[in-house]
Every structure is written in C-alpha cells, then in structure tokens.
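After this come two complexes, each holding subunit A, first together with subunit B and then together with subunit C.
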Partner chain A sequence: MIATFLIQDGVTNGAIYALLGLALVLLFSVTRVIFIPQGEFVAYGALTLALLDGGKVPATISLLVCFGAIAFLFDLWSMRRGTDARTFLRSLALNLVLPGVIYGITIMLAPLDLPSVAKALLTILIITPMGAYIYRIAYRPLADASVLVLLIASVGVHLAMMGLGLVFFGAEGLRAEPLADDNFSIGSLMVSAQSLCIYGATIAIIVGLYLFFERTLLGKALRATAVNRLGARLVGVRTHLTGVTAFTLAAAIGAVSGVLIGPITTIYYDTGFLIGLKGFVAAIIGGLASFPITAIAAIGVGLVEAFSSFFASSYKEVIVFGLIIPVLIWLSLSHGFHEEE
Partner chain B sequence: MNANLLELSGIHVSYGRAEVLHGISLSMKPGSIVTVIGANGAGKSTLLNAIMGIVPSSGTIVYDGKPVPRSVEGRVAAGLCLVPEKRELFATMSVEDNIELGGFLRNASERAETREEVYARFPRLAERRKQLAGTLSGGERQMLALGRALMSRPRLLLLDEPSLGLAPKIVIDILNIVSELRKTGVSILLVEQNARAALEIADEGYLVELGEVRLSGPASELSVNPALMESYLGTHS
Partner chain C sequence: MKNRFFAGMAPVAALSLSLFASSALADITIGVTISSTGPGAALGIPLKNSVELWPTEVGGEKLKVIVLDDAGDPSIATTNARRFVNDDKVDVMVGSALTPASIAVAGVAAESSTPHLGCSPVPPNISKGKWTFIMPQDAGLIAKNLFAKMKADGVKTVGYIGFSDSYGDLWMGQFKAIGEQYGLKVIADERYARPDTSVSGQVLKLVAARPDAVFVGASGTGAALPQIGLRERGFTGKIYQTHGAVTFDFLRIAGKAADNTIFASGPAMAPEALPDTAETKAEGMAYVTAYEKKFGPGTRTQFGPHINDAMAILKKAIPIALKKAKPGTPEFRAALRDAIETGGPFAASQGVFNFKADDHLGLDDRAVVLFTAKNGKFEITK
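Coming up: the complex of A and B.
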C-alpha cells in the first residue's frame, strides 16, 4: 500500500522533472546553453497562478513589461547603425506591444473569478514571452561564446531571476488551487485529478514536441542547428531564430510545469532552483542530448526521491543528486579522453 | 563592366595574427563558371568562406551591383550558396530532411517544385530519401550537398572541391553536373584540385598562390599557360 502511494508520488513528481529535463535538453542541443534558471520559470508560473487564485494581480506582469523594455533597448542598440522599418516594427511589437497587451488582459481578468483552466492559460501566456526576452538580453549577445561562458551567463541569469522573484513575490510561500480537485479510485489506488492533469499535460507536451521536431520546417531547423551549426547557417537558418524559438518553448514548458506543480507543493521564490536541479539530473543522464532517456530518467529521479524521502528522508537530496555520479563516470569513460570543442 | 554578378576587390582575411589572403580581386559575369585553382593552403577555401561571410574579411564584395548583405543568412536570401569543403550535412537527419532544409528560406510551393527538380537530377537521392545523411557513401554525400544547395535556388553557387575524394569517373560525373547547372542560369565559382578538368568546363580561371592572385584569364588560355602547366597540370597531358 505504501509502495503504491510512493510510486504514484514518484511518478507525479517525475513527470514534472521530465518536462524540466526536456526543456534543458532542448536548450542545450540548440543553443549550447546549460540553462540553470529553468526552475525559475516553474516558480514564476506557480506563484503567478497562486496569486491569480487569490484574486490578485500577479507581479509577474510588471516583470514581463520590464524584461520586454530591456530587450527593446538591446534591439535599439543593435539597430543603431541603421535598420529597415520592418525590423524596427517587429521589435516594437514583440518587446513593447505584446507585454503591454498581456498586462492589460491580466489587469482586466485578475479580479474576475475565472475558471481554473483560464487562470492556468493566463499564467502560461504571462511567462512564455519571458523566454524570448531572456534570450535577447542574456544569450543573443553571446551567440558565439563557449559553453563555459554561456554557463557563467546562466548563473548570472539564475541569480537575477531569483532576486527579482524575491522582490516581486516576497519571501512567503504560496500554494495554488488544484486545476481539478476530485479524486478517483482505481481498485485500491487513489488518484487525484491533479495527478491526472500532470500526466496528461506531460504526455501532451512530449507528443507536441515530437510533432514539432518531426513535422515542421522550423522544428527541423532547430534539430539541424543542434546537429550542425555551420550547416544550418549555410541553408539560411538564423542562429537568433532558433535561439529565440528554443527559449520561448522552454519558458512555455516551464510555465506549464509551474501550473502543474503549484497546487501540490508550496512554492517559494527560490524553490525553482531545487526543482530545476532534479530536471537537470535527468537531463545529464540523457547526456544533454537524448529526449527519451531524459524523460525516463526523470521518472526514475521522481521514484528514487519518493522512496528515499520515505526511508531516509534526511538523505533524500544527497541520494537524488548522487545519481549523477555513476552516470558522469560512465559518460567520461565511454567518451574516452576526447575534448569536445 | 557594371554587369558583373560578383566583384571582389582587395579581399584580406586573417586568422588571428596570420594574414592568409593578401588583397584578392576577382570578378565574374552572370551565367559564367569561374574556377580558382592553387596549391594546398593557398587560401582557396578561405576565399569562398569570406564571400559567404563565414569568415570576416576586409575589402569590398559587390554582388549584383550592391554591397553584399552582412549576415550569412542575408547572403543566402540574396542567392549566394556555398557547398563547403566539409559539406556540413545534417548527418543524423534523413536525406529528405536535409533537402527540405536546403529550401528553408523559400516558400512551400517553391520548395516542392525545386525538390522535384533536385530528385530528377539526382535519382540516387530520391531512392535514399529515408536514409540518414551520415550513412551515405562519399559520392552520394556530394550529391546531397549539391542537392541541398540547389534547394535554396541560388544565383551564385560557390563550390569548394566538389570532387574531393571521389573516384575519377565520379569526378567527371560531378563536373558534368556542374556544367549542366550553368545552363539553368546559375553562375558558379568553382574551387578544384583537379585543375585540368576544372579549366575545361570554366570560362575564366584564377591561379591563387600564397593568398594572392598569380595569374588570371580565360580558361582556354590558362590551360595552355606554360608556367601553370608545369606546376598544376602536370607536364604530360
């Protein structure tokens, strides 16, 4: 009985870690960025949803407008040597008009007693564009930098986003209301509707990503960039285009994870980091390259975490992060001593 | 002389402190094949890479009467296309996907149309649509590289040793394809080790040595030039 409960708990958390892991693999393979702040999108998403639940206007929208404005300034700076009207208008629309519209919509809708699905969608709408702005501000100027420099930038972005989280959300933890609060019993197993939402959303995102990468030209361009950066440029795929697409997708996936996890855990401004690291363990096991291995490893991480928190709760994190060590040893042995560029 | 499709003047390229191109000038007319020949390390690939914008250069590149766009992608959109020495195919993607991506900047109907032309020109690729690019034979890989390049509907193709590592018979096939391509209106800047074969299909030739143009002129004249014959064509024909 306890075992089935632990398994269910583990799979539920594992599904969330899978989403995080997939986003990390996506970002690394396309942009070579090891994106430590992925968990921050989750925290922002969960906190935004919790505030909307309380009928409050989430502070995230001010943050969104700030990010957009800074991204616009970056665009202006790179356009300083002259530009065409189309580029300028596109930048204006993406960086100023879009966050403005989202701001307006949120102010209007927040006080209304929306159905929880609408609140979830609004949350995703608020968080998703942040991915594009963060790419523009922190990573696009570094497009040709080494993995190490990009990693250092990630540490900076992580600290900045966590600090902003503290400023905008405060130090108090919040918990969102479940998207649906029924429980079903399947035999002796009690399954909450929220867990079903989590499984459903995870599977939908995995299928969606698969179709995007296999069926659409833009998705193929992202894969091509991951396989051969120079080759992709030679067929006219702009590094900026794939970068902004990958970051927007990652932010959307992060927001969905936040919406899913918000109702089952109390989230603080800094909770994202730890959740993100668990997604990271899965992504590393997948070699930062394989989507299926990452997804399976994430479920494994969730299970190990559930069982170790029951049997050895004070060592829970140590055990989970310890999973990485054998994998790293195996990876370094199987790759021999070749340095990768 | 205003009718030149491409006009390079004073192209300098350095890798770090070492300058490898010391002011190259070259021009080519629309619809022509121009070949660049020279010893290993002369700077031929560097020249093509500079024209495509994947290595920074100084000097002026005028394409179609205007300064060439700044970014690589801008140059692709303007009709330049490079088949690089290392091909840079998407090895873990299918032949079909490689071809499709070649037309990334074209709309769906242009892509569909060009795809049929490419498969008609290279039936071997059509047979192997589903195969991964990395598992193709050397010759098939060259075909795929050419096919992918054609998908962008280039006006100026930059070919870096299209016959590299191929059996002599396939070299002739590939060069035949190159000279057929010209009939469709594409201009070609061809870098080739196989100087004799290249001069046969080219209109103009340039001999590059140590980053400078040593000789240039109509291909028919170069192929009988005594200095060139000695070092690049072999004394016996």
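Coming up: the complex of A and C.
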C-alpha cells in the first residue's frame, strides 16, 4: 500500500527529471554545452504560471523583452561590417518584434480568467524564446570554445538567471493551480489528474523528439551536428541554426516541465537548480548521449528519491547524488581513459 | 582617450567627495549586513526593507547607516563586518539574517570590541558573547510555549518533520532537551529540504506512525509542503508550526490545509489583536503601520521587526552612551554596549528586552503569542 504510493510519487517526479535529462542530453550532444541553467527554465515556467493564475502580469515578459533587446544588440555588433537587409530584418523580427508581440498578448490576456490549459500554453510561449536569446547572448560567441569554457559560461548563466529570478519573482515560493483538479482511484491507488498530465506530456515529448530527429530535415541536421560538428558544417549544415534550435527546444521542454511541476509543489526562484541537478544525474547515467537510457534512469532517480525519503529522509540527497559515483566508475572503466576532445 | 578617462573619473570623484562629506557630518555610524540574496533572501529582504524605516537621527546625532548584502554566506559576512570595523569605524553592527552569518559577525564584534545586535537565533555559546545581543526569540522560549500548548491539548506522541539543516536540528534538539517535561514523546523524526518537490515519503511514514500531533520544524513557505501533504494523506491530528512559518505567504500557499494549525509567533505579526496593556503594542503598531504603508498591505513578516527592535534599543541606549563618550571612539562603543546591557527594559515590537550580563537574549514570555490559522487568517489563541 505504502509502496504503491511511493512508486507513484517516484514515477511522477521521475517523469519531470526525464524531461530535464532529455533536454540536457539534447543540448550537450548538439552544442557540447553542459547546460546547468536548464532548471531555471523550470522555475521560470512554474512561477510564470503561478503568477498568471493569480491574474497578475508575470515579470518574465519584461525579462523576455530585455533578453531580446540584448540579443539584437549582439546581432547589430556582429553586423557592423556591413550586412544585407534580409539578415537585418530577420534579426529585428526575431529579437524585437517577437518578444514585443508576446508582451502585448500577455498584457491583454493576463487579467482575463483564462482556462488553465490556455495559461499553460501562454507560459510556454513566454519561456520558449528565452532559450534562443540565451544561446545568442552567452553561447554563440563561444561556439568553438572547449567544453570546459562552455561549462564555466553555463555556471555564469545559471547565477545570472537565478539572480534575475530573485529580482523578478521575489524570495517567497509560489504554487500554481493544477491543470485538472480531479482524482481517480484505480483499485486502492489514488491518481491525480495532474500526475496523468505529467505522464502524458512526458511520453508525448519523448515521441515528439523521436519523430523530430527521425523524420524532419532540421532534426537530422541536429543529429548530424551531434555526431560530427565539423563534418556537418562541411556538408552545409548551419551549426548556428542547430544551436538555436537545440536551445529553443530545451527552453520549451523546461517550460513544459515547469507548467507540470508548478501545481504539485512550491517553487522558489532557486528551486530549479536542484531539480535540474537530478535531471543531470539521469543524463550522466545516460552518458550524456543516450536518450532512452536517460529517460529510464530519470524514472530510477525518482523512485530512489521516493523510497529514500521514506526510509532515510535525512540522507535522501546523499543517496540520490551518490548514485552518480558507481555510474562514473563503471563508465570510466568500460570506456578506458581518453582525453576529452 | 583622455576625455573618456576624466568622464569616467568624475562620478568616482563626486562619490568620494560625498563620502567625505557624509562622514564629516554623520556622527553615529551603523553597519548592517543582511542576506538580501541567496538562500536567506526571504528573511533578509524584509529586514533590509525595515532599515529604510529607521529615523535619520537619534539623540540629536545624525545616523549614517551602511547596508551590505552577505548572501547568507559566513565568509562574506566576515568581510562585511571587517569592512565596517576597519574602514567605516562603525559604532554598532546589526545582522545578519541567517545563523551562520550572524555567528561570523559576532566573531568580528568580539575581537574589535564593537556592539553587535544579531537578527537571527544563534547557539548559546555565541549569545554568551560580551558584545553580541540577540533580537529574535530563542528556540527554547518558543518551544516552551508550544510544548505547553501541546500538553494542554492532550498531545502525548509527536511526529516530527523538519528541514534537513540546523533549523530542523534546532527544534529536534528542543524535544530532546525539554520535551519530556511536557510529557511529549517523539515517535517519528523525518527531514526534508526546502527545494524538495515532494515530501510524500516522509508524510506517509508520519501518518503510518499514528502520532497525536505533528510538529513542523521549518520556515517560510517551505513549511507549507508537509502541511499540505499531511492533510492530503488524511492526517486529522493537530499540526504545530514554529514562528518561522508565520507568514501570509504560508497561508496563501497552504490554503485550506492550514486551518486549525497552531503557530508560535512574535507579537509583531498581529499587534492589532493585542490588549492595550501589552508593552509590545505601541511599538508593534507603529512599525507595522509604517511598513505596510511603504511596502503594501499584508507585507509584514516575522523577521522585519527585529530591525525595528534593534533601533528601539539603540534609541534608548545611544543617549545614555552619548553622555559618556563621543561617537567613533572605542570609549563610545564600550559605553553603548554597557547601555544596552544595563539600560533596559526596552519595550519593542517583538517583546520586552531586559538584558543582563549573563543573558544577552533578554526576552521572556511576553515575546511569544500563539496563533491558530482560520480561513486564511491568523487568530490569537489562548
């Protein structure tokens, strides 16, 4: 009886970690960035949804406009030695017009009492473009740097995003309203509609990613970049485009995770980091390369967390993060020693 | 190039001029180090806001207040405190909001002989320090009142759930130390961390242990997580919360799950409801009115009043010390310390401080009130 509760709890959290883990693997394989701030997208998403629930205009939209403006300045700087009208207009549309439109839509819709699904979609719409801007601002100038430099940049982005989160959302936690409020009982097990949403969304995203990588040209370009960056460039894949795509996808996945987790727990401006780290544990177990292993490992992390919180709550984090150590030993033994790049 | 250099220097020059100007005018310097970012931000921000309500002069002397952020980090707090002592020559230090950072400030206060008013609870060996005085209610005082209430409610077995940090240990320590005197037996000890996304495992274990009541040793909205979880899993017994959880954000997040929960609190959370005879009423009303006028209705917290109380003490102690020595000198700092220690009782918003040489906590039962949450409001309970 208790075990079924714990399993359900573990799988629910594990599904969220799976989404984060997948985003991390996606980003690392395409851009070689170990994206520590992935959790921040989750926190931003959850907090934005919670503010929309309260009928308030979320501060994330001003943040989005600022990010867009900075990205536009970066574009202008790189265009300073001459450019054509098309590039300029595209940058203008992507960096200034798009956030402006989202800003307008949000201001208009926020005071209306929208159905919760609409609020969730609006939240995802607000957060998703941030991925592209963050890539433009922090990572594109460093695209050819080593993994270590990119990691350090990630730490910087993480600290910056967390600080901005404190400024925009305040220090206290928020909790969003669930997408659906019902509970079902299957046998002795109570299942909340929210957790069904989580399972559904996770499966949909996994299937969606699979189709994207297998069936679309852009997806194949991303895979090509992941396999060999230089080779992909030589055959005409624009690696900047794949970078932007990967970051936008990651931000979208983060926003979805935030929308899903916001109603089941209290989210703070700094909660994202810990959730992201647990997704990271799963991604490490998947060797930062394998999507299916990452997804399964994430469910495993959720289950271990649920059971350790029951049997030894003071040691929960130790147990969860301790999972990495045997995996790392096994990975390094089975692959032998090799210099990173 | 040269022009640009001068353009850059101008504000710096102006700034240093104004610094000189202000240090020449301001007579009493107060250094405040607060964790307004980092893990203690929820506590630190109301403290920082409350500093803005301080008067500009006391006893006819102008106040120069320097506020620095320590992010709750003891090493930054130490750096801040050293800066106060060495560069700014402060007469008194205030802060910080988190226990480790306050311990760090207390260390610098002791070695530089500077009076220090701490705004977080500290372990007994620190509050025994000659130069440090503590504003918040000490855990022992709160625990005594809560445990007595539990005894009166007929509670015998208690399930404990708290933060997996020093705050959680603090309350478990109180159960071990004095729980038995009140006939309380802890039958489950569970821990969680504030950013955890779920406490289902811990809650299931608590419910399975069937305690008469559950005691939550957590602070801020983080304390709402087990509260909601317990009610979701059908726990019907009483739930007791510490003063760290008494915030309106807690009620907003916990919603209906908070009903009938007992909280210990300082009186400054609800000075309106106090009888007119209460010594804390006047100061509490003045503070809460001023704070909510500036930062909006319903923004008062448990933590902000500590800054107000530090000033309430200084307002009375500074004039005494001014009779003995001039600000900015070691003699003034020593006189101020003596005035704080012996000049009481100081009626403030969170209690009546009456320090003694061997008691730098200074508070008694007047500093604790009990609340019950009902329909999204805190109501005073007997």
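Methods note: the second predicted complex is superposed on the first by the 341 of 341 C-alpha atoms of A that agree within 3 Å, B and C clash if a C-alpha of one lies under 4 Å from a C-alpha of the other, contacts with A are read in each partner's own complex, and residues count from 1 in each chain.
Simple rule for what comes next: a residue touches a chain if its C-beta (ideal position, glycine included) is under 8 Å from a C-beta of that chain, and two chains touch if they have at least 3 such contacts.
Quantities reported herein were computed from a predicted structural model and do not represent experimental measurements.
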item	value
First (subunit B), second (subunit C), both or neither touched by A:236	first
Which superposed partner A:172 touches (first subunit B, second subunit C, both, neither)	second
Touched partner set for A:36, first subunit B, second subunit C, both or neither	neither
Touched partner set for A:220, first subunit B, second subunit C, both or neither	first
Touching partner for A:228 - first (subunit B), second (subunit C), both, neither	first
Which superposed partner A:260 touches (first subunit B, second subunit C, both, neither)	neither
Set intersection of subunit A contacts, subunit C complex versus subunit B complex	none
Sites on subunit A touched by subunit C in the complex	2, 5-6, 9, 12-13, 16, 163, 166, 170-175, 261, 264-266, 268, 270-271, 273-275, 305-311, 313-314, 316-317
Sites on subunit B touched by subunit A in the complex	52, 54, 71-73, 76-77, 81-82, 84, 88-93, 97, 100-105, 148, 151-152
Touching residues on subunit C, where the partner in the complex is subunit A	37, 39, 41-42, 44-45, 164, 190-202, 204-205, 208, 220-222, 224-225, 247, 249, 253
Residues of subunit A touching subunit B in the complex	217, 220-221, 223-224, 227-228, 230-238
